[in-house]
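Below are two complexes that have subunit A in common, paired first with subunit B and then with subunit C.
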Partner chain A sequence: MSTLYPRLLPAETETLFARLSDVAAGAADPSAAITTARAVYAASGGMRVHRDQLIGLREEVRRAAVDHGYPARPGVEARNGFDRRVARILHASMGLTAGEASQRQVWAYLALVLLPDVCAWRFPANDAGKFVADRFKGTDLTRHTLARLWWRAQVLRDETRVDDPYWMLEALGEADLDQVMARRRSVAATPSLVRMVVRVTAESTDATGRDVLRDLLKRLLRLTAFLDLDWLDEAELRSLVLRERAVSMANLTS
Partner chain B sequence: MSEPSWFSQPFSPAGGITAEGLRNQLGRPELSVLTVLVREAAQNSWDAKESRRVRFTLDLRAVGPSHMPAWRELLRGAPRESGALQSLNEVLRRPTIRYLAVVDRGTSGLGGPTRSDRFAEPGQRGWLSFVLNSGEKQDTDGGGGTYGYGKGAFFLASRVGTVLIHTRFRDADGRLRTRLIGSSLLASYNDEQRPFTGRHWWGDAQEDHCEPLMDEDATRMAERLGLPAFDDGATGTTVVVLDPDLRDPSHDEDVAPDLSMREAGEFLADAAAWNLWPLTLEDRAPRMDVTVTVNGDTVAVPDESTDATLAHFATAYRRAAGHGADTEIHCKNPRRLLGHFAAETTLGARVRSRAAEELGLERDTAPHHVALMRRPDLVVGYYQGQAKSHPELGYAGVFKVDDALDTVFSRSEPPTHDAWVDAQLTGYEATYVRVARRRLSERCADLAGPKHAPKVVESTPVGAVSQRLGFLLAGVGTGAPLEGDDGAASPPTAPPTPGADRARGDAGGGGTAGAPGGRSGRTRRPQLLDHPRFENLDGTWLLVQRVRTAAPGRVRGLIGVVTGEGVETSAPASAEQPQVVGWRREDGSVVHGTEVDVAAEEIELLARPVEDAAVEIDVEWAENVS
Partner chain C sequence: MRAMPYPVPTSSVAPESWTLNGAPVTTVLPGWDYESLLQFERLVRVDVLKTAKEAGLDVEVPLALHVRYWATGSYVRHSAALVPLVPDATSGWAQALLVATVDGRQLAGDLVLETTLVRIDEAESGGFTARRAGSVLWNDTVKLALEGSGGLLPIAPVRFSEQGLPAAAAWYVSLDGSDWRAPAMGNLLVLLNVDNRAVADALDPTDSAAAALWDTLTVDVVCDLVGRALDDEEYVPSRADADELSTGDLVTNLIRSFLSRPGEGVDEAVARLRDERRNDPSLVRAQAQSSLRFPRTSS
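After this line comes the complex of A and B, so read on.
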């Protein structure tokens, strides 16, 4: 059975987001912060999350942040390391269904109530003291601090690898993964295609780098405009990706 | 030692074979000289393997200025007879000298006696069989060559019938020894009443034969000639094909233009890939590493990670090599296991290489072939089966002869090992070869599925239906809905908006052509009528869209690729872009260019679409209309 999480009401989302700059790193008290009266649950569809689970989740994510230098401003490496670890934590322990994970208010709750300090650490305010709304409110799940990680893990989870189903999270560099996941929504809409792109890129021994991946994505984008790739099996998808990749390589090196 | 010189072989009292006779031993292969060279050379190298990794390199290069003097010296005393395509003296006169070095390392090198009238133990016959004799029986276990004629390929590939052989091996005492010799197969001739066979060697010429340059001398000369060196402790052989025949294999011999060095390198890389892939698979041992270089630059050799078709063949190979019961192919009478067969279905994979075409694959189509092989795992050829009915679907199969029947099938092969011919055999043996072919044909027919010729039952525009159903898609996606009844790229029917002037309010409306999104404020936007259609104009397929303009003025046609995320903003490298070609008026006259002056009329927009992409068309006013 899936777990239901609190959904932060829109008005409260705005209020809390406006007050985000008050959340000085480390200032929030976890036990006080995890509840808010201004949240609701879906009426049915799962078990409501237990308070202890929320505390556990908060602790685990916070520990990941601390391990990556929290509260000191994170560098590139710390951000990448944190993202990868938290993607695993969220996906493996939250018990979310894709439906629940599509609810923006769930993510607003997690970012603004349960983990505001960590999220504000991960995506700090700009020089003018402003935070980027997408990172907190759940308006764009591919940009939300936590939602994008959960979805990344959801898409990249490799059921065939019992030993490490999340290996693909580490298979590519952050910028490359971002290319696939966030900017190329129509490619990412077919998870098996994403997995194949990651797999093929990770397996490739040629030192071609990012240009090939970007070009490959562009080529696949052209195809997804009129091909439905969901029905392809693993081998067919592989052959398609290999073919497009070979063309990209040939074009880039010629 | 004295300077190396040329030795010409006179006929012995007991007779001898002429150079012409030796050259003809390969027959007249159907395959091009370069392909034959790659196959035979690789087979020689594979047979001589001594380590788990055979490094096989094809190094095409022009002699650099620093090595030129040594080459000129070598050629100066060369025999004047031609017999090959050109005489050696002609090479000397040319400003550049080119050669193709076939290099193998991790192989045994050519050891043993250097004169053929000395007894040599089996396994010590490398030099004899490669440099001196002809037609020696196979002496290595698992070797593919049964004739010992393979070396003829080196001579055939040289326009001047000449090769240099540079080899290093360990002698009986375990010491590293090096040898270098030149060898020519030209034409028999008479010199002052004395007949000569037309075979020549360049090295340490003796009274009645020619010894190679040895050790220090050999190494020094190889250095002066700029030949690839041997790493510490490495053994192997370099065969230098002088002035290689680089005529384009896809033309008739007589009129074929020469390939450029680069093109030749690419052809060699392709030929290596399609002939040798089973030996080069990452997970096999022993295995062969193939490298192709042109003047020192590496040319990529396609493999299963870069070529989808090869990837499928490789997968099929691994399954067939698993020897499962489901892969067995049997002969029923007499009852006998013939070999193992497996096949993979391909989607969208195409054969692109010219070298593959020579082996029986069809270019630019989905593969529908079975790679034939036997024990040495070299590709004998590709058996062409029935094609699948859908052009994007194909299959890649592998059939490998059971080891017990290896000798039978090998005897059915012509000297170039590129076919199985049952006519060369008799009795049961001929039956095995014949039945194998029939079984493959059956399997291919199964894979291809029922034959059917495409038949048009009815051709109905689906616009009306899609208009009715369009509401189902309302709000879905960011692009216009696409329709295509043949799986091909079809343009959207709603007026698209590649430009900045986004006025579409009916995304998802589906097929509401001619209902543009509002007015421009002054004049109605040009209307797109009906569905765009494909039309062949002077041999080019163009997309034709009817447009109605409500007022006179100047209109501009826009076309762009739509991707799954909307209008493409950045195209893939070297990708084709759709283009507005021009306009066709009612009277049939065509105006080129993206813009055209119109009256209130109907006019057709002509655009060049791109393969494998969906495009959007839009027409807008190019300037304000009064």
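After this line comes the complex of A and C, so read on.
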């Protein structure tokens, strides 16, 4: 059963985003807004999240931010470390189904009501004082501060690894993971293919890793234009990815 | 079907329509939630010999019908059924009953069901033919609106007293109009006040007087959305993206459907409507009423 989260009303989203500049890093605890913001819930299909759960989530994510330097402006290492840890937190503790996690207004609520200070720290305003709307509003879930992390964990979760099903979140560098997950409607639309690409890449020891990965993704992107790969089992996917990777290696080293 | 880098058969697949719980599927899927398990069925017949011949494949090449689905909220695909084809020895035709179970927990936006005819083995070589496992030789898709799109207005019945909205109001159109290029889903929501007696009654599917209320709501929403767009210079009519409807696209469709004159392009319509709205805003509302035939009568 899904946990149902508040869906921030569109007009409220616009209002709160316009006020985001007032939320400086280190602003007061927004707990009061958790139940006063204008939001609705899905009519059925799950249990509404309790206020205590929302506060617990906020504390856990905020702690992750503090451990990575909040409120000081984060560098590359801090950002990557925060992302990896929060992806685990969000996916493991929120109790979301994929359907509920597809609701843009849920993520708007989380970024603009529950965690505006942390999200503003992770993706600060530019020199002109402007925040990027995609990072807060849920208009593009592949770019939203928190949604992109949940979906990354959703796609990369490895059920075969009981000891650490989220190991793939650390298997590749941030830039490489972005490369993989950005192709949302092609390669990244088949989670089993994505996981196999990450697994095979993580197993490799060659120094040309990133270039090979990019070439491999381009090859897979071309293949998914005319191949339906969603029925292949693990062994068949592995064989496909290894074969294409070998071609990428050969092309790059020739 | 898109152009493939190999020959594909023509007219060798005869699919029947999808059914859900025995009833034909339309373009809208109402009455589901995350707890639903939806079982779709269809019968598909394939002339396997014709398929192989026209695709340049050996008749022994194993083929199958595969059903996959995704929700446009996430675009993550799920395999729902794979049925290998066994052709009749005499006719060369194969028949497959496809049963696809769709998990409600995955759904948001629109549901897309795709059926593909695929090769399921891999050939070492094969020249200019479908030699790879998964090669698509035929496909079709059906798209079902789940919520807030395809003509479904996104609504949420709530108590206005709990939302800080006027307690006796009937409805409130909540819109984030700051970016007309943002997806409509999530950008627009109509709140219906269940504390308003007329609205609460109208939400009862058996209520015979509900039509008048919903007609009024429709005119209101059209005028509200279009009015806000006309007042905002950031709104520019654009070609709709095939995959995702933006808020601006939604407004453009409303203008095209209800407020354009015969032969008038949408850019001309927007320019004219902006002018009319500046000089006589009630005229735009009257035009919407006229196009929507409001109020509708039983005669």
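To be clear about the criterion, the second predicted complex is superposed on the first by the 249 of 254 C-alpha atoms of A that agree within 3 Å, B and C clash if a C-alpha of one lies under 4 Å from a C-alpha of the other, contacts with A are read in each partner's own complex, and residues count from 1 in each chain.
Keep in mind that, in the parts below, a residue touches a chain if its C-beta (ideal position, glycine included) is under 8 Å from a C-beta of that chain, and two chains touch if they have at least 3 such contacts.
Fair warning: this is a prediction, and the values are worked out from it, not measured in the lab.
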| item | value |
| --- | --- |
| Partner chain in contact with A:Asp206 - subunit B first, subunit C second, else both or neither | first |
| Comparison of subunit B and subunit C by subunit A residues contacted | C |
| First (subunit B), second (subunit C), both or neither touched by A:Arg238 | first |
| Which superposed partner A:Ala189 touches (first subunit B, second subunit C, both, neither) | both |
| Partner chain(s) touched by A:Arg104 [first = subunit B, second = subunit C, both, neither] | second |
| Subunit B versus subunit C as contact partner of A:Phe226, first or second or both or neither | both |
| Partner chain(s) touched by A:Arg38 [first = subunit B, second = subunit C, both, neither] | second |
| Intersection of the subunit A residues that touch subunit B with those that touch subunit C | 184-185, 189, 223, 225-226, 232, 236, 240 |
| Footprint of subunit A on subunit B - complex, ascending | 300, 302, 305-308, 311-312, 315, 344-350, 479, 482, 484, 487, 489-490, 561-565, 568, 570-575, 612-614 |
| Subunit C residues within the subunit A interface of the complex | 2, 4-6, 33-36, 64, 66, 68, 70-71, 73-79, 82, 104-109, 116, 118, 120, 132-136, 139, 156-158, 163-164, 174-179, 182-183, 185-189, 191, 243 |
| List of subunit A residues in touch with subunit B within their complex | 184-187, 189, 203-206, 211, 215, 218-219, 221-226, 232, 235-236, 238-240, 242-243, 245-246, 248-249, 251-254 |
| Parts of subunit A lying in touch with subunit C, wherever the complex brings them together | 1-2, 7, 9-14, 17-18, 38, 40, 42-46, 97-105, 108, 133, 137-139, 141, 151, 154-155, 184-185, 189-191, 223, 225-232, 236, 240 |
